[in-house]
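Paired with chain B in one complex and with chain C in the other, chain A is shared by the two complexes that follow.
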Partner chain A sequence: MKFTTDRETLLSAVQLVTGVVERRQTLPVLGNLLVIVDDEGVSLTGTDLEVELVARVTEGVQVERTGEATIPARKLADIWRSLPENAQVAVEAEGDRAIVRSGRSRFSLATLPVADFPRVESAPGDIEFSIAQLDLRRLLDQTGFSMAQQDVRYFLNGLLLEVSSEHIRTVATDGHRLAMCTLNKGVAGADRVQVIVPRKGVVELGRLLRDGDDPVYITLGKNHLRASQGGYTLTTKLVDGRFPEYDKVIPADSQNALIGDREELKQAFYRASILSNEKYRGVRLSLEREQITIQANNPEQEEAEEIVAVEYNGSPMEIGFNVSYLQDVLNVLDTETVRLSINDANSSALIEGPGADDSVYVVMPMRL
Partner chain B sequence: MHDVWPRIIAHADMDAFYAAVEQMDDPGLRGRPILVGPRSQRGVVLTASYEARPFGVGSAMPMSEARRRCPEALIVPPRFARYQELSEIIMAVFADFSPDVQALSLDEAFLDMSGASHLFGPPSSMGRRIKDAVYAATGGLHVSVGLSGTKYVAKVASAHAKPDGLVVVAPRDACAWLAPMSISRLWGAGPKTQQRLSGLGLETIGDVAAADRTWLHRELGQVGLHFHDLAHARDPRPVSGHRSAKSIGSERTLSADVAGRKDIEMHLRRSADRVARRLRRKHYQAQGVRIKLKTSRFKSLTRQRRLSEPSDVADTLYHATHPLLDELLPFGPFRLVGLAAFDLSRREGPEQPELFDDERRSRDLEKAIDGLLERFGDDTVFRAADLVRDRTLGRQGPSLDFLDDSN
Partner chain C sequence: MNTSVNAMPPWLQDALTRARESLEQGRLAHGLLLYGPPGWGETWLANALALLLLELPPGRDAATLAHPDLRWLAPESARAQIKIDEIRAINEFTVQTPQIGQRKVVVVAQADRMNAHAANALLKTLEEPRGACYLLLTTTALAELLPTIRSRCQLLPIKPAVEEVARAWLSDQLGGVDAQHTEQLSFEYGFAAIEVLAALDREEQPLLEELTAVRRGRLDALTLAGRWSRLDVDCLLARWMRYVRALQQPDIDPRLAALAGPSMGQLQHCFDDLLEARAGVRSTSNPNARLMLEGLLLHWREMFTASA
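And then the complex of A and B:
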């Protein structure tokens, strides 16, 4: 195999595909990219057995000889990135070596047999639909931060994607807080199909999406989700498990609701968090008429107090929260104000951005 | 008024340990001056009982000199195996009070009691409870306990009211409390250093505290700064245990080897129940889980993982073992199955309740069962699966529960 191209043509493809490759692999070949050169262009594939990303580039590539090779991913990406801008590059496989040439630079990399490179099987999908990239991006961004990390309840280490004829919805929870975002554009014929996309699949999918109306094509299979956009095809295994019944933990709207300026609250929570206990991150909120007091302290007995004017007409109460959970929500909301609805100090609180009805957040209070 | 201490450190030191053990085990020795040590003239006294001490006898004194000063003292040869045995009991008592125990010798340890007020009350009652627990567990040995905000002050405090002492020095009073004491109480000041300090006109710890820091540095070098810090009760060193409980485990050698996932899981489940119960009893939580399987060829295999949050729930520990078992299953059959919880911390701080009920329900159920087992005995409640296991696999070997404090 042999082709020539310029650095910029393949730069983002090499980088995105290498992003999927884990730093430590169970099989040596998983540290490599599969490079396939056919008459029309080049395909690069990276995989960690859970997520596979294929980048296909046809424009700006001159094929001299078709063929296949696997090349060490990170080394290739590092070389590619550090070549001069617009450099012409030739890539060639010879025996068990891959040669990269550019100007007066030459690199000889060790390859591994193509036959050892594992491919994710491409079973036919049950549901296919397209969605604007910016819509899918919002579904992921508004909820992804609430996914669990390496939780024993493995089904929480991912994002629920629910597709029905009325909506496309994402839900994420780590067991203490939950985020839900709903796009009111359904998929005809879909009967509330639920799949759990693993954390890594969510992160890599997010990297592929641009802020535009261009569509991304999604295929849902029994065990896989496939997303195609531009020249990229991402295939991720799905988490085999039952996601908790999220609708049961979303509290009904309460009369005890406060509305405050989002930016002002965000800043106040940030400052208070500096003196909260680094491990537990607890803050105490005292709700009174027209104002909220945020208090934090740490084991060194240092204390922070912030008073913020809000609209609140409910009964006075005190409630504790992990401040990080509140900050995460205030960061992803893009509304002017924020609405925090609380029933009592032991029940989950509901957070929404008035005017952005697609997203709902639930946070369990902390007993301080 | 009890103010909140940033750190609470206890120093516990057995009173005349070897001599007290001998007097406890042999009523004939009680109330009499005894010297524990070799009978030979060339040996040194290991411990003198409190009855012998008024004669000016102490540890490390040549036996010949001690006998000259206190002719009526009985000489008792040491029984190290017995001291070791009691030491293990004492250290186990300490481990019930804190996951962070630093043993300094057989009979002396630091305990980090920070954050344990809700379990044991204010520092004075912590000290009282440690003393009572040691007395009860050993069958009659006294320990002196000092509590303060630093290791140094705690150690000085435990020595201050021996024997059977309990001294609590609030961190903000520590500097004033130390001030009148002799410089011989400075940690690391031997006879030679004491002479040098005296030569500089420093007789008490208060003198050292009042001295100019740069002057001390010039006169004594680095150690001068160290003494200045101690005199101001500044001692940030943490309690770093070689002997603290690093893990709590339960393993079992089986009467017949197991290879099937279901059979192994039954044993892991049972180990998880035992381990979680012991965690809860000690008010610990674990953030790591390890499984150990020994193959029929006696090769021990372990796999471990961290939990996203500390837990003392058997169900959580058990489910965490599933991916670990996946990795080891191909190496079976196995003759031993065990599970250990490590990375232990105290259950403390604010509680973050769960959005979904599962973990809370499991914990509530397990705690209810704890109560039943405590009231009615160990075999009153067990999992239905254990009934099946006992039928299919016959009688099991004894189970080994361990508190690993080896490293």
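And then the complex of A and C:
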């Protein structure tokens, strides 16, 4: 195979596809990209056997000879990135070598047999739909941080994607907190289909999305999720399990609702967290009329106290939280103010951003 | 690794056939423990079974196969343990959907090398695997596996063949090349045919010549100790012990005539020394192999001069 192009044409493709490749793996061929050159252009494929990303580039590529080769991913990406801007590059594979040439630079890379590279047939999906990249990105960003990590409840180590005729929804929970984001644009004919996308699939999907209205095409199968966008096709396995009934976890609105300035609360929580227990991250919230006191202390008997003015007309109470969970929510919300509803010190709190009704957050309290 | 159907030795073929029948009858357990004495091909069996479950043609090396529905885990080096992070990655794999076929397969080769944390992390997966997921554990040291692991697996024992069968199979593999050399190595490895094949592949020489040379004083014990210390010392001692045992037999094999002489008591003493040295090698104390071999070889030489 042989083709020529300029550095910029393939730069993001090489980098994105290489992003899927694991730094350390036992099977050498998984450290390589599969490069396929056909009459129309070039395809690059990277995989870790869980997530596969294919980049297809047809414009700005001059094909001289069709063919296939596997080329060391990281080395190719490093070379590509460090070539001068707009450099003309020729890539050629012959025998067990791939040659990359540009100007006065020449690199000879060791290839591995193409037959060793795993190929997954493009299995048909049960549901197909398109969604604006911006919308999908929001669904992921607003919830992804709440996924569990290496939890024995393996079905929590991923993001629930629920598709119905009324909405597309994402939910993530680690058992201590939950995040849910809903897009009120349904998919006709979808009967509340649920899939759990593993963490790595969520991360790689997020890297693929741009902040525009351009659509991304999603295919959901029994065993995979596929997303296609502007020449990129990402395929990820799914977590084989049932996600918990999340609706039961979301508390009904409470009388005791506090509304405060999001930025001000975020800063106050951050400062208080400095002196909270490094392991348990507990803070005590004292709710009084029109103000909230945040207290933290650590085993060294150091203490922090922050008083923030808020709108609050409920009964006075004290409640403890893991401050990291509150900070995570305040970080992803983009509203001016934030609304915190609490029933009592032993039940979960509901956090929302007034004006951004698509996302809700539930945080369990902590016994102090 | 050549594991095509034809090359499958008869003693493994039996185990494979049993497993295939169980699978066809829907009785194959999701956790399988493939075990047998060292050198009889438990890994070959795991390889063949993995390919069978994934509906792949036989003959491929599953350990180096990049397949989305297969994970092959083995200790990273000769003495390395299998650690919890590696098992966690396996656990993550087992709860994900298969990509190509209906089944997923995990092989944990030398499962006895899992440390306690790793073994415990695997228990839940062994107990309730998700979907059609098969876990194939192999070991040559059954006793070193946690009982909790063992009890969660269907046992698939490999029964070593008799000498004649092993000899015939080896000869088939090698096409009768250098039969005497092969026979001598086979003796040292107790006719564990797969290990003999690997030893031939490594171009190993039988120990007999060097042991005789030291006995005759034609080879310096210190020189040989230096050379031997670079080999797999545990395995080397086991091979050496086979000679000592053979010399203790009432009728000494004519090929060992050059080593005849020492009394039963001296030989037993020598055997005990080798046994102790082996225990030392296997323990974590990590003795200086060269120093230890020098001592053993000097004793070996003395044994003959004392009996002469």
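Everything below uses one rule, namely that the second predicted complex is superposed on the first by the 367 of 368 C-alpha atoms of A that agree within 3 Å, B and C clash if a C-alpha of one lies under 4 Å from a C-alpha of the other, contacts with A are read in each partner's own complex, and residues count from 1 in each chain.
The definition used in the following text is that contacts are C-beta pairs under 8 Å (C-beta built on N, C-alpha and C of every residue); 3 or more make two chains touch, one makes a residue touch a chain.
Keep in mind it's a predicted model, so treat the numbers as computed, not measured.
Student: After superposition on the shared chain, which partner residues are touched by A:30: those of chain B (first), chain C (second), both, or neither?
Tutor: In the superposed model, A:30 contacts chain C only, not chain B.
Student: Applying the touch criterion given at the start, work out whether A:198 contacts chain B, chain C, both or neither, answering first, second, both or neither.
Tutor: second
Student: Applying the touch criterion given at the start, work out whether A:263 contacts chain B, chain C, both or neither, answering first, second, both or neither.
Tutor: After superposition on chain A, A:263 lies in contact with neither partner.
Student: Quick check on the superposed pair: does A:214 touch chain B, chain C, both, or neither? Answer first, second, both or neither.
Tutor: Neither partner.
Student: After superposition on the shared chain, which partner residues are touched by A:348: those of chain B (first), chain C (second), both, or neither?
Tutor: The first partner, chain B, only.
Student: Between chain B and chain C, whom does A:150 touch in the aligned arrangement: first, second, both, or neither?
Tutor: Touch partners of A:150: chain B and chain C.
Student: Looking at A:40 after the superposition, I want to know if it touches chain B, chain C, both of them or none. Which is it: first, second, both, neither?
Tutor: So A:40 meets neither chain B nor chain C here.
Student: Of all the chain A residues, which ones make contact with chain B and with chain C?
Tutor: Shared contact residues on chain A (touching chain B in one complex, chain C in the other): 150, 152.
Student: Which residues of chain B touch chain A in the complex?
Tutor: 4, 6, 114, 305-308, 316, 319-320, 349-356, 358-359
Student: Using the touch definition up top, name the residues of chain A that touch chain B in the complex.
Tutor: Chain A residues touching chain B: 148-153, 173-178, 244, 249, 277, 279-280, 282, 299-301, 320, 322, 346, 348, 362, 364-368.
Student: Could you please specify the touching residues of chain A with respect to chain C in the complex?
Tutor: Counting only chain A, the residues touching chain C are 26-27, 29-30, 47, 49-50, 116-118, 120-121, 123, 150, 152, 154-155, 157, 198, 222-224, 237-241.
Student: Flag every residue of chain C that touches chain A in the complex, lowest number first.
Tutor: 64-68, 72, 88, 91-93, 95-100, 124, 130-131
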